[in-house]
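The following blocks contain the structures, represented as structure tokens.
Two complexes follow with chain A in common, the first pairing it with chain B and the second with chain C.
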Partner chain A sequence: MRHVVPVLTVLGVIVAIWYAAAIGMNARWERDQAARAGETITWAEIVPRTMSQERPILPAPHQVGAGLWDGIAGQAVTSRRSLVWHGWVTLSATLAGFGVGTAAGMLLAVGIVHSRVMDQSVMPWAVASQTVPILAIAPMVIVVLASLGVKGLLPKAVISAWLSFFPVLVGMVAGLRSPDGMQLDLMRSWNASPSHVFWRLRLPSSLPWLFASLKVAIAAALVGTIVGELPAGATQGLGARLLSGSYYGQTVQIWAALFTAAILAAALVMLLGAVERLTLRRMGLAR
Partner chain B sequence: MRRRAGLLRLAAVVLLLGFTWIASPALLPALAVWLAAMAVNMRLAGRTEPWMRWVVAAIFGLTVVLVWELAVRALNVPQVILPPPSAIWSSLIAKGAILRGDFVQTILKGALTGWLLGAAAAILTAVAIDRSPFLQRGLLPIGNFVAALPIVGIAPILVMWFGFDWQSKAAVVVVMVFFPILVNMMAGLAATDALQRDQMATWSAGYWQALWKLRLPAALPFLFNGLKITTTLALIGAIVAEFFGSPTQGMGFRISTSVGQLDLPLVWAEILVAAIAGTLFYGIVSLIERRATFWHPSQRS
Partner chain C sequence: MNATAAQMDPAPAPAPAAAVIAARNLDLTFQTRDGPVQALKGVDLSIGRGDFVSFIGPSGCGKTTLLRCIAALEQPTGGSLTVNGMSADEARRARAYGYVFQAPGLYPWRSIAGNISLPLEIMGFGKADRRERIARVLDLVELTGFGGKYPWQLSGGMQQRASIARALAFDADILLMDEPFGALDEIVRDRLNEALLALWEKTGKTIAFVTHSIPEAVYLSTRIVVMSPRPGRITDVIESPLHRHRPLEIRDSAEFIAIAQRVREGLRAGHSYD
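== the complex of A and B ==
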């Protein structure tokens, strides 16, 4: 509770700065318009006009809010102008890729923990891949798969699977290795088989690590999908919405798509956080 | 037991070779190289010399490249789908001037400038709000929240504001790296314990002296954690921002236009440069970290 007042205050300051910036950045256009019409314009006239421009340089918060509301609630869900529809296109590709990438990362992590060869062969590359801007391959994947006739959800899902794979792999390996020597010795003194050690000790103790990397992975998967929607020709999804907005100078549309993406990301991370808390509490691991 | 495992392994290899023989005989050399390399690695992985780890990883990497080359040639994969590593290499050599120009435009001007500005702004902000617990409590949850958002999306807006050249890319990078570094720096400034602060007080050190001599050094390990995380973000921001508009130079521009011209070897060469640049960037920051925080337990031994 002690966070609520400070957070609200900071948010209030941000909104105030945003309004001030909107007035400052949009004022020039109004002044140019007035000069062209041969009129003089006072600040009292400029300020309200900067709040309701058609294509402002920086839309005021209430314009973005109106755009967001119109996109989410003001359109039929099946409409091309509905942010719910575009959001769903992005979300479905994100979730498909996230599921595949997470499953692959977990499986390979299990292999790495149990095989010295795989560990020494793959792990250095997996760790190094964290420092590589993998997202740069997104346009290539889209175009190459399109030339093979694969379009729609699948190419974007491939990118988000690729992006969520590495964080999960690295986090899961660290988690499966987290039991210390004492715990492993205890399992041995109970004459536990390797599969017992895995199911009863390694897997449960890896969960906190797994959830931490899942949160990173879902955010990366969403960014991957949005960037996957950028190459020319895409008409569906939040990325395409951003791109068409930037082509036609529809700033309100860009900001509304951006906020939809932010809401989506926040909802996904919060959902994972809730699952994490429930799981860890049931297992008695909650801090 | 050991012999049975060996026999099973042999049977698996024979089966795999047999299937490949029936399905696509041309793939046999690639498969043979893969199996031979894995056999070598299984031998080497049992050794305990510390440098052996790097040998095993290097053999694996080389094998992947070799199998890629052999498989692409054997199956006659068109170059517009997956070029062989040799074609990527010759493109890297032949178009060195283009790649160098793109590197300077995107990495040095866009990513590095933005990263330095963003890091400086985040560090100064963290120090500035350090004396106000109220602001800290307000900014920390917001910073954590923003760090999880798809911030790359602001690229089209910033390209509109700052134009097509590297300034808009640097601006995207500033926004992307600001919050992760801010959150880490705030945690770092809170990392001293009461005993250490009391010690400073008994020496009658003022706020600035305590900050300079105790709390900033203590914050360095946290700060470097943030700096290392954001090296990759900086490159991603600079490259992706170019997809929304750029001068006729830059890695993101080259990737998107060369994909359109189906010049895939050049695209892969750009990606290779980006990968090497990313690893080097991270490595240099880690090296500075080792020099600056040599006293910290994580850097010893």
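== the complex of A and C ==
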């Protein structure tokens, strides 16, 4: 409970800065309106108006809160205006991409650790794949797959997997290589086979590394899915919600979608964190 | 099994010198970036069944390297080395020895019993056999009742005893120990030295033991091999006249002090080369 005060203080400072910025950024529009009407306007009049504009440059926190509440609780879950519905569209593609990306990353890591040839041939391509800007690749993936008749969840999951396999690969390679020389010598002294070394030593040792990289990967998977929802005029998902908001100048809608994405990411990372704590504690790796 | 029979016998008589480990003119040169480093040069050594041989010397004298050669964890570059009449690598594949490192190296995700079970699982022992062996070696190292505990619940000395139990579990008749008590405080070390002697007496294992403590080497060994660095070589081999059964107080006897004196002189002589 000692943490409540500092946490609330930080939150309060952020909200205060946000309100100040909203007033500053939205005041100009109010002044222009007044000038156009030939009136003069005082600060005392400007301040309350900056917090209730229809299309503010920066919506005030309570406007975003209201938008968020309306999107989550104010609509039927099946409605196109419901953030729960859009959130689920994004979440399902994220989880699919994360699953595929994690599996691919783990398999490649196992190959890389056991084969020098794979280490030298796969790793450079894995690194190169991540240096390509995802914003440039995503539309191509969507368009190419759409021309093949693949639409909906799958193309987004591909982009999401693209982003999420890499942290898993890097973390898993480090984890599988983490047993020290003494541990490997012990295995050698027992004449253990490579599969014994893998299942009984390397894999359990790699789990702390795996969990750390899974947290990075799931956040990346969510970003990948949202990026995959932006091109080609998608109509479903948080990315589509962001896009339509920016078309029509609905800044409140944009911010509400952004916060939904952030809450979703935080929830996923926390969920992984809970699984991590549980697993590592049971294994005696966390104290 | 042989070892089970030996265990029944409270004090097996020292067998006539049937060499379990025999090295002839053994060389090992490491190729490093700064050029070749001679870790071992012209090592001649014969260890008989049931011997307790200590290797002592300053760091860099090749004592650990020699032990690793016997374990086939290093490949000698010259000379010959046989373990149980086989090449060192054949002996390793025949699981002829248990190796104990300075750190216990227990898996944190396995209980003590699980850790002892690990080599047994790898070697394909059946479940009932494993359980029986785990109970037996836990008793040997006086850890009965601790099988269900996890390594972090045990003190450093108890963890090291568990790692010795792990090395004993599969009945290898050679025990290779690389400074197993080097990281422990002196009181714990004394107790473990006593326990190790008792265990050696009970099981009749052949033990090769690396240390840099003179009292430890003299207290434990039937033979002390003094080594010196650059190049790593044997400078003196001391046959201990002490009786195989040794209470801790023997360390105050004149005999003990005389042997320790000779070891110290051997170490000093080795150092005067540089």
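Convention: the second predicted complex is superposed on the first by the 271 of 287 C-alpha atoms of A that agree within 3 Å, B and C clash if a C-alpha of one lies under 4 Å from a C-alpha of the other, contacts with A are read in each partner's own complex, and residues count from 1 in each chain.
To be clear about the criterion, contacts are C-beta pairs under 8 Å (C-beta built on N, C-alpha and C of every residue); 3 or more make two chains touch, one makes a residue touch a chain.
Remember, it's a predicted structure, so these values are computed and weren't measured experimentally.
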**Report entry** Combined model on chain A where chain B meets chain C, clash or fit
**Finding:** fit
Requested in this report: Could you look at A:T78 and tell me whether it touches chain B, chain C, both or neither (first, second, both, neither)?
Outcome: neither
Query raised in the report: First (chain B), second (chain C), both or neither: which does A:T40 touch?
Result: neither
Query raised in the report: Which partner does A:G284 contact after superposing on A: first (chain B), second (chain C), both, neither?
Result: second
Query - Touching partner for A:R2 - first (chain B), second (chain C), both, neither - result: first
Query raised in the report: Which holds for A:P204: it touches chain B only (first), chain C only (second), both, or neither?
Result: second
Query raised in the report: What is the contact status of A:S195 with respect to chain B (first) and chain C (second): first, second, both, or neither?
Result: neither
Query raised in the report: Quick one: chain B or chain C, who's touching more of chain A?
Result: B
Report task. After the superposition, just quote the angle formed at chain A by chain B and chain C, using C-alpha centres and rounding to the nearest 10°. Result -> 70
Query raised in the report: Is A:D185 contacted by the first partner chain B, the second partner chain C, both or neither?
Result: second
Query raised in the report: How far apart, in whole Å, are the nearest Cα atoms of chain B and chain C in the superposition?
Result: 11
Query raised in the report: In the superposed arrangement, what residues of chain A touch both chain B and chain C?
Result: none
Requested in this report: Report the residues of chain A in contact with chain C in the complex, numbered from low to high.
Outcome: 182-183, 185-193, 196, 200-201, 204, 283-285, 287
Query - Residues of chain A defined as touching chain B within the complex - result: 2-3, 5-11, 57, 116-117, 119-125, 128, 130-133, 135-137, 139-140, 143-144, 147-148, 215, 219, 222-223, 226-227, 230-232, 238, 242-243, 245-246, 249, 251, 254-255, 257-258, 261-262, 265-266, 269
**Report entry** chain A contact footprint on chain B (complex, rising order)
**Finding:** 38, 41-42, 44-46, 52-54, 56-57, 59-61, 80-82, 134-139, 141-142, 145, 148-150, 152-154, 156-157, 159-161, 231-232, 235-236, 239-240, 243-245, 251-252, 255-256, 259-260, 262, 264, 267-268, 270-271, 274-275, 278-279, 281-283
**Report entry** chain C - residues contacting chain A, complex
**Finding:** 71, 73, 92-93, 95, 97-99, 101, 103, 105, 107-109, 118-119, 121-123, 150-152, 170
